[in-house]
Amino acid sequence: MTALLIRDLRLAMRAGGGFGLGLAFFLLVAVLVPLGVGPEAATLGRIAPGILWVGALLACLLSLDRIFALDYEDGSLELLAAAPIPLEGVVAVKALAHWLVTGLPLTLVAPGLALLLNLPAQGYGWLVLSLALGTPALSVIGAFGAALVVGVKRGGLLLSLLVLPLYVPTLIFGAEVVKRGAAGLEVGAPLALLAAITMGAVALLPFAAAAAVRVNLR
Amino acid sequence: MPAPLFAPAYFGYGWGMEMVVQDLAVARGGVTVLEGVGFALASGRALIVRGPNGVGKTTLLRTLAGLQPVAAGRISLPPDSLTYAAHADGLKAVLTVRENLTFWAEIHGTGAVEGALRAMNMAQLADRRAADLSAGQKRRLGLARLLVTGRTVWLMDEPTVSLDVASVGMFVAMVRAHLAQGGVAVIATHIDLGLEEAEVLDLTPFKARPSLARDGFDEAFA
Amino acid sequence: MSIWEYANPKKFMQASAWALPWMIGLTVLCLGVGLVWGFFFTPDDYKQGSTVKIIYLHVPAAMMAINAWGMMLVTSLIWIVRRHHVSALAAKAAAPVGLTFTLIALVTGALWGQPMWGTWWAWDPRLTSFLILALFYFGYLALWAAIEDPDTAADLTSILCLVGSVFALLSRYAVNFWNQGLHQGASLSLDKKENVSDVFWVPLVICMVGFVMLFVTLVLMRTRTEIRARRLAALLARERVA
Amino acid sequence: MTALLIRDLRLAMRAGGGFGLGLAFFLLVAVLVPLGVGPEAATLGRIAPGILWVGALLACLLSLDRIFALDYEDGSLELLAAAPIPLEGVVAVKALAHWLVTGLPLTLVAPGLALLLNLPAQGYGWLVLSLALGTPALSVIGAFGAALVVGVKRGGLLLSLLVLPLYVPTLIFGAEVVKRGAAGLEVGAPLALLAAITMGAVALLPFAAAAAVRVNLR
Amino acid sequence: MPAPLFAPAYFGYGWGMEMVVQDLAVARGGVTVLEGVGFALASGRALIVRGPNGVGKTTLLRTLAGLQPVAAGRISLPPDSLTYAAHADGLKAVLTVRENLTFWAEIHGTGAVEGALRAMNMAQLADRRAADLSAGQKRRLGLARLLVTGRTVWLMDEPTVSLDVASVGMFVAMVRAHLAQGGVAVIATHIDLGLEEAEVLDLTPFKARPSLARDGFDEAFA
């Protein structure tokens, strides 16, 4: 297990492993949207929570296909399935690795980008909190999606298609938290729901994902 | 070479265990390719699977490895006892030879890396990235992986591809040592390994008559 | 004795080894004088207060950030045309330095913007195009990092640098077209303008010179490191085959 | 040449070829943004041009890595490079194929999504026109980026990092056209600039891309 | 089998052409692996490259194919005359066998698909998706590709991998026919093809002494 985690992290760090690229993409979205939408600070401030969450979500999305596809192509996945560790565990560990490489950094840099989008000052704390609560769900759900398309060559696009709808609840509640926080309203309800979704996903989805992997292997 | 050196601490080994296959039918892409395949392997024995291209060797091995559903018949062998070595070796190009082996050793809870390296004479390549290996060297690494799994039943699909004569010899020696410890090996190959003691199974007679398709789905609709 | 001789790594190492101490000395001198003078011996601006002193970091950094990319463009061209490894490695060495300057300009700018414009960031054309420049730096570095074979990486990054420069310019004008902002125009451009009095102007120029020196020094050092690293890799690979 | 075009289109149509996925992604972005930003029609209408263009851009982006990577992995690219057709032509054809599979459909469905984002009525025509003019540039620039990273395994994320900055001018002018069109202002200038960028990219980038492919092959 | 059948309309063939390699040094990963390699092939001749794993066969072939820079020495052969067949066969899994071959035939402006199919006895598999082929069948398809290129110089890296005896025979026959039309073939292999008339080049003596590395960069830096 730890061996697997260490290997995945190491692979992410090595050349072409794509660590930090998620961040860059996040940054890019935060820059492109104003370029498209226009510079008025007021408008930007209003849409900032939504855009930031969508950006984080997409950044997560783009790195999903690495979770299983690489291991599938070089046969590691078959061997892991045959190894004396539960496949559910493998899935969970890989999702964790993905979060450490993507979700966590995203959460940490988010305030910087919020600056670019003129997010109202009191929104920052909620932004970080909501991301910290929400991104684990993104990674786990993403792992599930990746497990579904693991057989498909370069299934990146298909993957995003499958996963995005599953991201909707997380997105809505996450963005809601930030929006209310920024407006100074109370955020208890959406925050609780966000946490609930994450818990549920982390608790249950690994089993579904493992099942999907098994199907794809035979 | 001295067996204990690279024997994975005798992990999971035990005399007398057996692999029994009865009246097995295997299908690929909904088409039954082989049927009525049967054999029994006592521990310490090896089976060489032969047959022309496309007869169904790979399909058979994948089925034995549990990577494909069984179309018909029975396979019985102790749980968690087998490992499968196909063309895809489960190696990470950016990791070094040792890192690759260590990973699999840890996953299987054995610590036989050094021994495995020596067995396949990869010692001096140990710190080379797998990407920087030649085809044959990669293959040798893939075979060394078998040793660190500590499994008793080895299923190998054309293991000697792109190995030179010397390496083939090394491979045969490795298999012999494995058998000597009560292991079992099933090897699909086109060339003559010079592994006389092994039984030989030619699949040609088991070729399925295309007429009948075996797996549930087709049956239901035939 | 043509300048190209210094494209030979050995020659370059010798020359740079000789030049470095002087460069370091000059850098420390200029920056020391310029910054101290700027920070402590200039009056506060009547409307900006002491925040005006950020200018001594902000302007030179921003300037060098842009020039660094220009230098990378030149060295990339040299690599493509004449295949001098040192040139390629110099480009590689310059990128992180340029990025750092970019970030310094961004941060100081933001710090300055807060008192001046009442906001950390505004989508002013100059700021925007500068941010895009930062993105180009990121992409360039990421490409270097992603490709193993050094020569391949050098070629590809050079191509990226060429094409990227064109698009960076395009973006600059696109952004101008897209929004006309509140950032200072070339109010301090080298023909000195009336609105900035000499008391600010002289130390600023010294700081600019200092930043140029600093850039050259850092690039020299990093290039030497790159060369050593490259040589080390060559030796290691060689003993691997042995 | 035509043989290559036909093959690429056929591959795109076959299972896992990812035709239409770009569309779906476009749709998803158009749906997610309102979810994140909130339903106020006024706000949405104001940001619609920008969001639609950013969405089209990302949809285009996600399918880029298929342009060369697949052919590289199975060795086709080496063989094509050795074949008696100019590599520049190969690149151009592949970019064209990508546009036919991605850019063109995006342009056609854009009005439908504009509806979701309540784009003001008079903006529709300009939206279609600007996309029709702009998307070819996206495909060609993308092909260039794909050529740069063809050697990198699963370089999707790196690819987007390299390509997005190059998309900036196209995005700005494209969105500008729609914004002004929707506001009923005159759009001559941005439209002309958009066209100019596309022309330039189509004319020059194939050579740069071919050079990059050559470098990656040796 | 009758040569004309699958001869690509004699496209680009011409007697007397030659491939000359002089004092060639090839490098991989910045390290010279082979040096002083030299040979000359008159049209109609074949060269079999031998050597232990990792001696540098693949590197040599890739260099000859122009997929790697030459570290030193000269390679001279007519332009646009060669094609290279490695393990990656340039086949699309989702396309059928015929579609795959037709594509390459059109790219090279030859129309020898049917002939090629027959030559490698793929005729009855022609409408099967490449994904549904067995390892050996895939390989045969990859070899059939050589025929539709209509190139005169064939560079082949371990072409007989996972081919059964019959198929190897077919392959040799195909090469013979190619030579008979004035073609040239360079084959790196570990097994004995039974292609007696071919010259054999063992690379072992050309192994580069690690001491000196050839490519410009190291020289400048070591």
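Points to keep in mind about this one:
Letters A, B, C, D and E name the chains as they come in the text, with residue numbers starting at 1 for each one.
Heads up, the rule we're going with is that contacts are C-beta pairs under 8 Å (C-beta built on N, C-alpha and C of every residue); 3 or more make two chains touch, one makes a residue touch a chain.
Quick caveat: nothing in here was measured; it's all calculated off a predicted structure.
Taking chain E out of the picture, touching still joins the other chains into one piece.
For the pair chain A and chain E, chains touching both partners: B, C, D.
Least step count on the touch graph, chain B to chain D: 2. Just count the C-beta contacts per chain pair and the biggest one is A-D.
Centroid distances from chain A, each centroid being the mean of CA atoms, peak for E. The greatest centre-to-centre gap from chain B, using C-alpha centroids, is found for C. Averaging Cα coordinates per chain places chain A and chain C 34 Å apart. One inter-chain figure worth recording: chain A and chain B are separated by 38 Å, centre to centre, where each centre is the mean of the chain's CA atoms. Separating the centre of chain B from that of chain E, both taken as means of CA atoms, is a distance of 30 Å. Computed from the mean C-alpha positions, the centre of chain A lies at a distance of 24 Å from the centre of chain D. Across the assembly, chain C contributes residues 132, 135, 138-139, 142, 146-148, 175, 178, 240 that each touch 2 or more other chains. Multi-chain contact residues of chain D (touching two or more other chains) are listed as 16, 152-153, 155, 158, 161, 164-165, 168, 172, 218. Annotation for chain E: residues 29 touch two or more other chains. Contacts from chain E toward chain C in the complex involve residues 29-31, 33, 208, 210, 213, 217-218, 220-222. Looking at the complex, you find that chain E touches chain B at residues 28-29, 51-54, 58, 87, 132-137, 140, 158, 161-167, 190-191.
Listing the residues of chain A that touch chain D in their complex gives 16, 18, 21-22, 24-25, 28-29, 32-33, 35-38, 43, 46-47, 49-51, 53-54, 57-58, 62-63, 65-66, 69-70, 152-158, 160-161, 164-165, 167-168, 171-172, 175, 179. Touching chain D in their complex are the following residues of chain E: 65-69, 80, 82-84, 86, 88-92, 94-95, 99, 103-104, 106-109, 149. By the touch rule above, chain D contacts chain E in their complex via residues 3-4, 7, 10-11, 14-17, 73-76, 78-80, 82-85, 217-218.
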